[in-house]
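The following pair of complexes shares a single chain, subunit A, combined with subunit B in the former and subunit C in the latter.
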Partner chain A sequence: MKISEILRQLGATVHVTAGLDRDVEVGVVGDLLSFIMGSAPEGAVWVTIQNHVNVAAVAVLKEIPLVLLASGRTPSPELEDHCARESIALASTGLDAFELCGRLYEMGLCGSRRS
Partner chain B sequence: MRRYRADLHVHTVLSPCAELDMGAFDIVSRCRRERIDIVAVTDHNAAKNCKAVKEAAKESGLEVICGLEVQSSEDIHVICLFPDCDAATAFENWVWSLLPPVKNRPESFGYQLVIDKDNNIIEEVPFLLVQGIDATADETIVQAHKNGGVAVLAHIDRPVYSYVAVLGLIPENLRVDAVELSGRLTKEEALLWREKTAGRTIIRSSDAHRLDDIDRGKTTCFLLERPCFEEIAMALRNEAGRRVLWPWE
Partner chain C sequence: MSLNEPLVIEREVKPLDFLAAGETASEFKDTLRSLGISAELCRRTSIVTYEAEMNIVIHGGGGSIAMKMEEDKITIVASDEGPGIEDVELAMQEGYSTAPDFIRELGFGAGMGLPNIKKYSDELEIDTKPGKGTTLKAVIYLDSGEA
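Let's turn to the complex of A and B:
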C-alpha cells in the first residue's frame, strides 16, 4: 500500500512528506530504539511514541520509509530536520499505538512473522 | 595529585527498592571497610538523604557527594551530582515539580524513608519516587548543568533504564560528563563498551541497593588534588591533569 494512501486513510498530520509514493507491506511497533534496531524488518512502517532525534538514525539503519508517532506525540524539531534530510516520511496522530496498529492491519499491513 | 577510590552511585532507604540496611552510618562504615574515599548518594528522583549520610561521615575520612538518579520521561536513568546539598535540593525541586502524582504503596514498592544521621525516620515520602518525570534525559542533563552539577548516563550496559537501550545510541553532541558501566561487567565486556563509546569518560559504580553491594571492586579510581565535587567534575572532563583511571585495569 502506498504511504500517501495510508496517511490519507488515517487522517494523520504529516510533518515530513518525503517518498510518499513508496509501497509498504510490513509494520513494527516499539519505543525502545535498541529493540527496533535489533528486530524491525527492513522497509517496515514504524509505530512509536518515541520522538527523540535518534528515531531518524534508527529509521535510516532499518530502511524505514515511514515513522508514525502515536498518542498525540509530536516530533521534536531535530527529529523533523533529520527525517527531512534522510527522506523519511514522518506523521503523527492522536490514535494510540494499539488503535493505530489495528487500523494498519485492517489496511492489509502485517507484522514481520507473516511477511 | 593522588588516587582516590570513588563509588558515585549508591542508594539509601529513601529508594523504595533499596534494602532497609542502607542507613546513613551503615553506608559510611561499609565504605570505609571497603577503603572507598568518595561516595555519591543517588536515590531515585530524590536528594533528601544526602545530608544524613554527609553528617554521618563527618570525621570518618569519607567524602560524600550529593546527587540523585533521575528517571526521565523515556525511563532512562541519569546520575546527577552537585557541589553541595543546597544545589542538589534546588535540582530536586525541579524534579519533584515534574513527578506524576502517583502515591507510593510501600507494601508493593517498599518504604521511602527520609532519615537523619542517626537513622531516625524524619518522614516517609508519600508519592512514588520510581517513575519517569515529565522531562527527557537530554532535558535532565541540561537542567543538571544549569544547577551547577554534572550528569552521568547510568548503567548504559543494561537492557532497561539505560540511554543506549531506550535511544539506541549516544549522540556525539550529547553534553553528558561521563557514562557509567555496571560493576559486574567482565574486563572483556567493559572493553567492548569502551570501543562503542569512544572518547567518553567511563566510570564504574556499584548502584548499591544493599550494604553487601558496596564493594571496592565496583568502584572507580580518580586522580585528584583533593576528594571533592569540583575535582571530580574536572576529572570527568579530563581537565588540568585530573582524570579517571580505567576501572578494569
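Let's turn to the complex of A and C:
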C-alpha cells in the first residue's frame, strides 16, 4: 500500500512528505531503539512514541520509509530535519500505538514474516 | 581501489553527542554500498557500527570507531578510554544494562547493544579493563550473507 494512502486513511498529520509514493507491506512497533535495530524488517513502517533525532538514525540504517508517531507525540525539530534530509516520511497521530497498529493491520499491513 | 590494500576509515565519537550518533554508521554503510557490497552486509555492518558508536557515546566518554575493508572481510574496531566493562559475560546478556535513566528514556539502554553486535557479526572480541577502557572488534565475512 502506498504511504500516501496510509496517511490519508489515518488522517495523520504529515511532518515530512518525502517518498510518499513508496509501497509498504510490513510494520513494526517499539520504543527501544536497539530492539528496532535488531528486529525490524527492512522497509517496514515504524510506529513509536520516541520523537527525538536518533529515531531518524535508526530509520536510515534499517531503510524504514515511514515513521509514525503515536499518542499525539510531535517530532522534535531535529528529528524533522533529519528525516527530511534522509527522505524518510514522518507523520503523527493522536491514536495510541495499539489502535494505530490495528488500523495498519486492517489496511493489510502485517508484522515481520520471519519466524 | 586495489583490494590488496585495505581501506580504512576512522572517525572520532564524541561523548553524549546524540545528535551526531548514527552518522558514522550511515557513512560506513554508504561507503560499502558504493564499493558494491551487498545490501545485507551493508545493513549488518551499519547495525554493528551504530551499536558500538552508541556504547561509546553513552558509556565510553568518547573514543573512536574504525572500519577496515579487506578482500574477504569487514572489520569494525571501536575504542574508548572509558570505565571499561566489569563483567563482559553479564554485559552480553540481553536486557542487562548500566545506562542511566535519562538514556533509557530516549529508548537506549535496553541491554541489547552488545547482543545485537554479536547477532550481526561473525566474530566478536572485547578487550576491556575496568578504569582503562574498552576495545571492541567485530568481523563480518563477505561470504557470510544473512546473519
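By our rule, the second predicted complex is superposed on the first by the 112 of 115 C-alpha atoms of A that agree within 3 Å, B and C clash if a C-alpha of one lies under 4 Å from a C-alpha of the other, contacts with A are read in each partner's own complex, and residues count from 1 in each chain.
Here is the rule we use: a residue touches a chain if its C-beta (ideal position, glycine included) is under 8 Å from a C-beta of that chain, and two chains touch if they have at least 3 such contacts.
All values reported here derive from a predicted model rather than from experimental measurement.
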{"item": "First (subunit B), second (subunit C), both or neither touched by A:42", "value": "second"}
{"item": "Which superposed partner A:33 touches (first subunit B, second subunit C, both, neither)", "value": "both"}
{"item": "Partner chain(s) touched by A:58 [first = subunit B, second = subunit C, both, neither]", "value": "both"}
{"item": "Touch count on subunit A, higher of subunit B and subunit C", "value": "C"}
{"item": "Residues on subunit A lying within both footprints (that of subunit B and that of subunit C)", "value": "31-34, 37, 50, 52-54, 57-58"}
{"item": "Subunit A-facing residues of subunit C, complex", "value": "18-19, 21-23, 25-26, 29, 39, 43, 46-47, 50-51, 54, 106-108, 110, 112-113, 115-116, 119-120"}
{"item": "Complex contacts: residues of subunit B adjacent to subunit A", "value": "74, 136, 138, 159, 164-169, 171"}
{"item": "Subunit C contact footprint on subunit A (complex, rising order)", "value": "31-35, 37-38, 42, 48, 50, 52-58, 60-63, 78"}
{"item": "Touching residues on subunit A, where the partner in the complex is subunit B", "value": "31-34, 36-37, 50, 52-54, 57-58"}
